[in-house]
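For reference, chains read A, B, C, D, E, F and G in written order, and residue numbers begin at 1 within each chain.
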């Protein structure tokens, strides 16, 4: 039987892999869009996965300060999404542009 | 290297510093504090000019005292945070840095004084004086620091401040010029940082004295040639050397004239300073290997600069190109690398700081008297003001390297150094550049001063009428040292020679930074 | 941005983020963080507040112009370096005192003062940029 | 030499400059009568110099000076031997008369004071030039004469012709000055000597140097432009745009002689070589002929004189380069004679123009009654210029022919040239000095009468001096000609020529000259016409060539500048990065600084994933079809970099990178709201390929260099130090932060200064508006 | 013993959390429109991160760290719904339509009513003076 | 919400962040919280409300339960081979009327299974909710009405 | 590991430079951002790479327990990041203002300070 630490280590590596896959899938959504809010949502999701990633690496390395980075990341991720939402909203005033945007996508 | 035992503090921390040593950091601290305070008092428009001028005067005094001290006692070093070099950041003033700092601060002081008439309320409210002070913090820091990464930081400080000064006014031409200036200069400092990253990767240290000492040991294994070439490119860009001089003519004619004067006087010279510091002091062997390249760069810079000047209708743009041709002349000394050549470059830089600022201030005066910046429209200034004409003539003579102006001596030194070193082409280019400069400026004199006024009726209504003293006082204050340097240059040349000797033989510099015997 | 939900939550979020920013600032010497990151978080807080309630609200709340705050920060940082002048040590030397406040020994230092200066500079500048950009948006 | 005289000489050299400063003030107070006190300046110097005649005649040159720029080995030093003393006496003596004459000539002129200033400045420069011992001083004063003559020629700056002439003079003599400087530097480089007095005793060092020819050509470049040798002669006649006193002074007695002075001065050093004895006579001879024939073509008195000056300068150069003692003696004598008669004739011509309102020979006549004293002066000067016996001009001409008539082909040819030239000059001499005064009264705009004492004293004194010097040639030889010739030759020479004719080949040649000259005088109208026809047929001259060259230079500069500074940021950037690529690869390859092949790196799978995500982010930014996708993709790569920092032990970096990347994207989004940018990249494929190549090269270069650097052993002393002392001495556990705020706190201070200024600059950028409510569309339309 | 328990619990939570994240990203890819994707992102995603943070809280020896991790969870739960709401609202306002097979859009209906009454009001206002 | 309560809450958050519940640190937290609240003073709701601790805990428990369920359901939904969904936006008539309560409700709804608050009407009477399963609107409304909304009313009235 | 990072640095530089070269103001701005990241990675790599161990002394120790990542490049990068962020923001706003004032988003159209139709200088005297 492997030790608890060893088990945890394996799990950490495994979950890092899982999170990496999530990363890749989310990046795919960023690239695919098709609309701007989709991309923003995916970026937001990327941040969320990033928080998880930070937490997992924190557990893996025994380095505890990752929590704060995770919190900060959550907060700025929030800011980014809010700003983008703001952007989407203000763009709606120029409705024509939305259409051209969609046409390009 | 210092012991790593935390108990042996003597080996880790420097001893107490004499209050006189603070001179080396004083200019920068004064400038930063003054800039910060001016920013906080941004809306108290009335006292800004006086306050900024007072602080610049204080900085000038500190720099002058520093220079005196450096000249008598050799390089002055303070390592911040009481750490021993190379662990802390050293400020190390030698004759080169201190003398450049003095002249640059003097130029800035004059510009601050003349800004009283050139900078409007909006300009003040949106930070002309904080920009000015922070730019001087950057400039002084660049001249005085002994740490290459710290040099980068000061480069960025004066660069961002120069951005601020450049866009103050937001005219389309300014914005356009600033875009080109901004992106290209950003690249130049990025290249500087990149080269420094490689340097750090190879040397593991950032203290310039330390690097200079270690370079000898690494020659052969580390890619020092490539790193030195990168520095040449980065600083060459900052100095506006051909063919990476684009940013200068794109921008220098767009801001307020005080700003242009400041830029024309200082910015490229910092590039030249950094070239001297990096290539002559740190990479002498690599500089010698690159000397032929530098020689061609110098020649092309001179020629393209002065041809650009000849091609212009707008005097401000012409002066911008003259700044470039001056840079070419300064690069000549770098290409030669001989003591005479390097001291010629140093003296030329001092001359250029004074004269190029004076030229831009003169352009402002010309516009006020002649109603335009364009050679096609200017005229009748001689008739309006004999005094301004006389001052202009002196400045033009200095810029063309003719007696009794300041340009003569460095040009003679450089031409002599070139001929002594067999650089015929270089000598020819230096002289030809002087000649073509005299044509360009002779044309300005003929067309703008001698020729009759070209425009009938009232001139451009946007031109404020200002008391003549406000025009003359800054110009005269710049012209006096220009003529003094032209007539009794001995002290200046001696300082330039000391500075060049200190660069070429780094022993004194290194000993000042590492008094205990070094790393 | 006109959303009841956002506007109701924004002040609390802002206050929380400000608190967090100070926390990040103060712990920077021993763990990741410091004045710069703290300042960025605080500026983000003001940005969120600005997006929710508009720029004038934030300007009123701050009382001083953000750039004045930034200038104050720089002055503070420079001053923290100058303290060493009085002790005959070079510029920017870290000087420490440990007074007891409320029965707890608190380490105070010029280094911390310096970091606080950094914090203010960043808060001021970034907030100023964000507000100026937002201002344009409204107009 | 006592210190008293020493400092007095220095004062004498300084005095004209002080006088120049005082002139405007004096003029304001005394009007034109300021000429009297101002004339005292050159007079004083003249008298002071006269005191040196005796010792110098005895072969004891006067030298003095003091250290000026010791670090460059430059002394402010003067050296007076026969050559320089004679020049100095001419400069100050004629200068005195010119100052007086100017008082009369420019009486009532609004800027007379300024004029006096310029004249005195010029005098000071000229005096300095001829007495300078050190090379640099010589060059400095040389350039000062160019500058002051620029001011004098352009004195009537309202006229375009005057401005053009001034600029022309500046350009040509300025170019010559630089050539001279180069020549002097080369000589200094050869000999290690920077003073003329030492150079003169340096022996054949320069002649034997491989650099001799370079030095010679450079010096000649200076001398020929200054002394208006063909093909640089044209600036001199154009300089007649200046007021007559200037012409009289600059172009006959002083400025143009500077070149001759230089040649004479350096004859002992550079002379006695084939090059010297070919180039000088050749250029001099051509100049003599060109000057003389062009003089005949002129109708204006001043222009005639100007061209004869060109001719005379040619003659002097020819003689100086001839290579015999006799020819040098002739040159010396002719130089003195020329200064006297030409100065006088110029002033006569000026007086005529001043009184009659015209200087056109076709309109002048019968002035003898109205202007008897001027007539006398003109006639006397013409006699001297014509080379009639008893006059000093005769002495000179005799010596010329004596010098040239040595019976070989080359001298014979030059002798012929001299005869033709002299004959034509003879004709001009009387055309100016005689013709306007005799015959029927011409059709003149003004009613002429004799001018004031100020106007006629100068020409008369000079003309009489020409006669006096001829009559007392022995004394002149003893104190002037012989010491001067000795100085030029570099050995003691005794000049013996006399103004009394005695039989011999020279006399016959003189007579032939006079006969030819009389013939030319009588048929001058026809000659003038035919010359005019010939010149019209040629249609081009160096004078027009000057304009063409200037315009060509401007056009060329314009064209070059359009290419190298074409105003397009994309080209600037491309060039910059091409150079970056070159700067990376050339030294790396040339100096063998390429890295070794790296071993296959061992990364963990999730690390690879992050790397891949970074790469995907980069690719996404590149291929993004619209800018918003690009911005979001930018976020991806920034995010990946932050995670990389996290994974490789840099939590602070990761922290900051997260924050900064997010804020960057936020700011981008905020700004984007207002930008309506075209999303697609419509560069032509060729350009894309170029950009791709450049970008790839730069990227590869940076990467290879980085690999090379990281393959070196690393000196981690600094990091060890920080790790060891962070907690113990700086009381911080986060070493990165301790470095930021303590070990390298100054960097951070600068960094936050950048942040602050950036904030302020952005504020200014957004808030300050040039035009209210700038609408891009409106701006577009405005353009 | 406690340590081992902590480790196992943490390991389980980590696995659960990362699996949630994975499903969220799968959902993000598979769901048909923005609004449905938001369900995946704002729930499974948040949950994933929170659970992993919880794992950190469980694993940490220092209670301070655990507390901070919990604070992080709270922060997360506070911010995520708001940003989701804002994005959904903005997207809807900006005219990004629902998936074509959606059942209904009562917000759209309400907005259209509002718009028509507003235009009536506009007419009234303009006719008044 | 009371300003003092806010301040104390912030001080508690501070203590949690710093991981130190000493008096000095708590006082510092109070001071910093005061400062932070001062900066947002104008936007804080001033209306006084009551708080029932027990009900708040009950609300929290309900929320955590719903959250986990929500995650699970979405997880199974998106991983099922055939996604059978019938999404849509429906209008939810609010019975709570205070901003704080509306916000809390909306956020809780967003975090729970299959629902997402899109907008609140201008007159604050209607909440527009996007549901992933919109086949039975009445059921959805009922679940919220008797779930979160009632708990909120109980906790804060 | 340095090899991978060198490759990554090369890629970052290449993409950044390609974008900077591509005439469109916004692409240039994006390029500058990527270029900045490239420089940061360059500094990071030049200080040599070390996996996972941060240079932070744990609370219960007086010295680092073992080898840790090189802290100095990290500090340098922090300074550089802050600076490049400031410049990025400035350039971005500058581009925005350029678009407002000049009305073009393409460097070819940015010809106010150096106009396309510059005239020859006056030829007379």
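We adopt the following convention: contacts are C-beta pairs under 8 Å (C-beta built on N, C-alpha and C of every residue); 3 or more make two chains touch, one makes a residue touch a chain.
All figures in this text were calculated on a predicted structure; none of them were measured in a lab.
Shared contact partners of chain C and chain D, listed by label: A, B, G. Summarising the inter-chain layout, the chain whose CA centre lies farthest from the centre of chain A is D.
Interface comparison, C-G versus B-D: the higher number of contacting C-beta pairs is recorded for B-D.
Taking each chain's centre as the mean of its C-alpha atoms, chain B lies 25 Å from chain G.
The centroid of the Cα atoms in chain A and the matching centroid in chain E are 12 Å apart.
Computed centre separation for the pair chain E/chain G is 33 angstrom, with centres defined by C-alpha atoms.
Put simply, the C-alpha centre of chain B and that of chain C have 35 angstrom between them. Under the contact definition stated at the top, the residues of chain E that touch 2 or more other chains are 19, 24, 26, 38, 46, 48, 62, 65, 68, 71, 75, 78-80, 82, 85-86, 89-90. Contact of a single residue of chain B with at least two other chains is seen at positions 32, 35-36, 39, 80-81, 88, 127, 130, 149, 153, 156, 160, 163, 167, 170-172, 174, 179-180, 183, 187, 194, 198, 201, 249-250, 310-312, 443, 446, 451.
The set of chain G residues that touch two or more partner chains comprises 20, 25, 28, 42, 45-48, 52-54, 56, 59, 72, 76, 78-79, 82-83, 86-87, 89-90, 93-95, 97, 101-102, 110-111, 113-114, 118, 120-121, 124-125. Only residues 1, 6, 13, 17, 20, 23-24, 27, 31-33, 37, 40-41, 44, 47-48, 51, 137 of chain C touch chain A when the two sit together in their complex. Taken together, the chain A residues at the contact with chain E in this complex read 3-5, 7-8, 11-12, 14-16, 18-19, 21-23, 25-26, 28-29, 35, 37-38, 40-42, 44-45, 48-49, 51-52, 55-56, 58-59, 64, 66-68, 70-71, 74-75, 77-78, 81-82, 84-86, 88-89, 91-92, 95, 98. Within the complex, the chain E residues that touch chain C are 75, 78-79, 82, 85-86, 89-90. Those residues of chain B that touch chain C in the shared complex are 14, 16-17, 19, 21-22, 25, 29, 32-33, 35-40, 42, 78-82, 88, 127, 130.
Residues of chain C touching chain E in their complex: 1, 3, 5-6, 9, 12-13, 16, 20.
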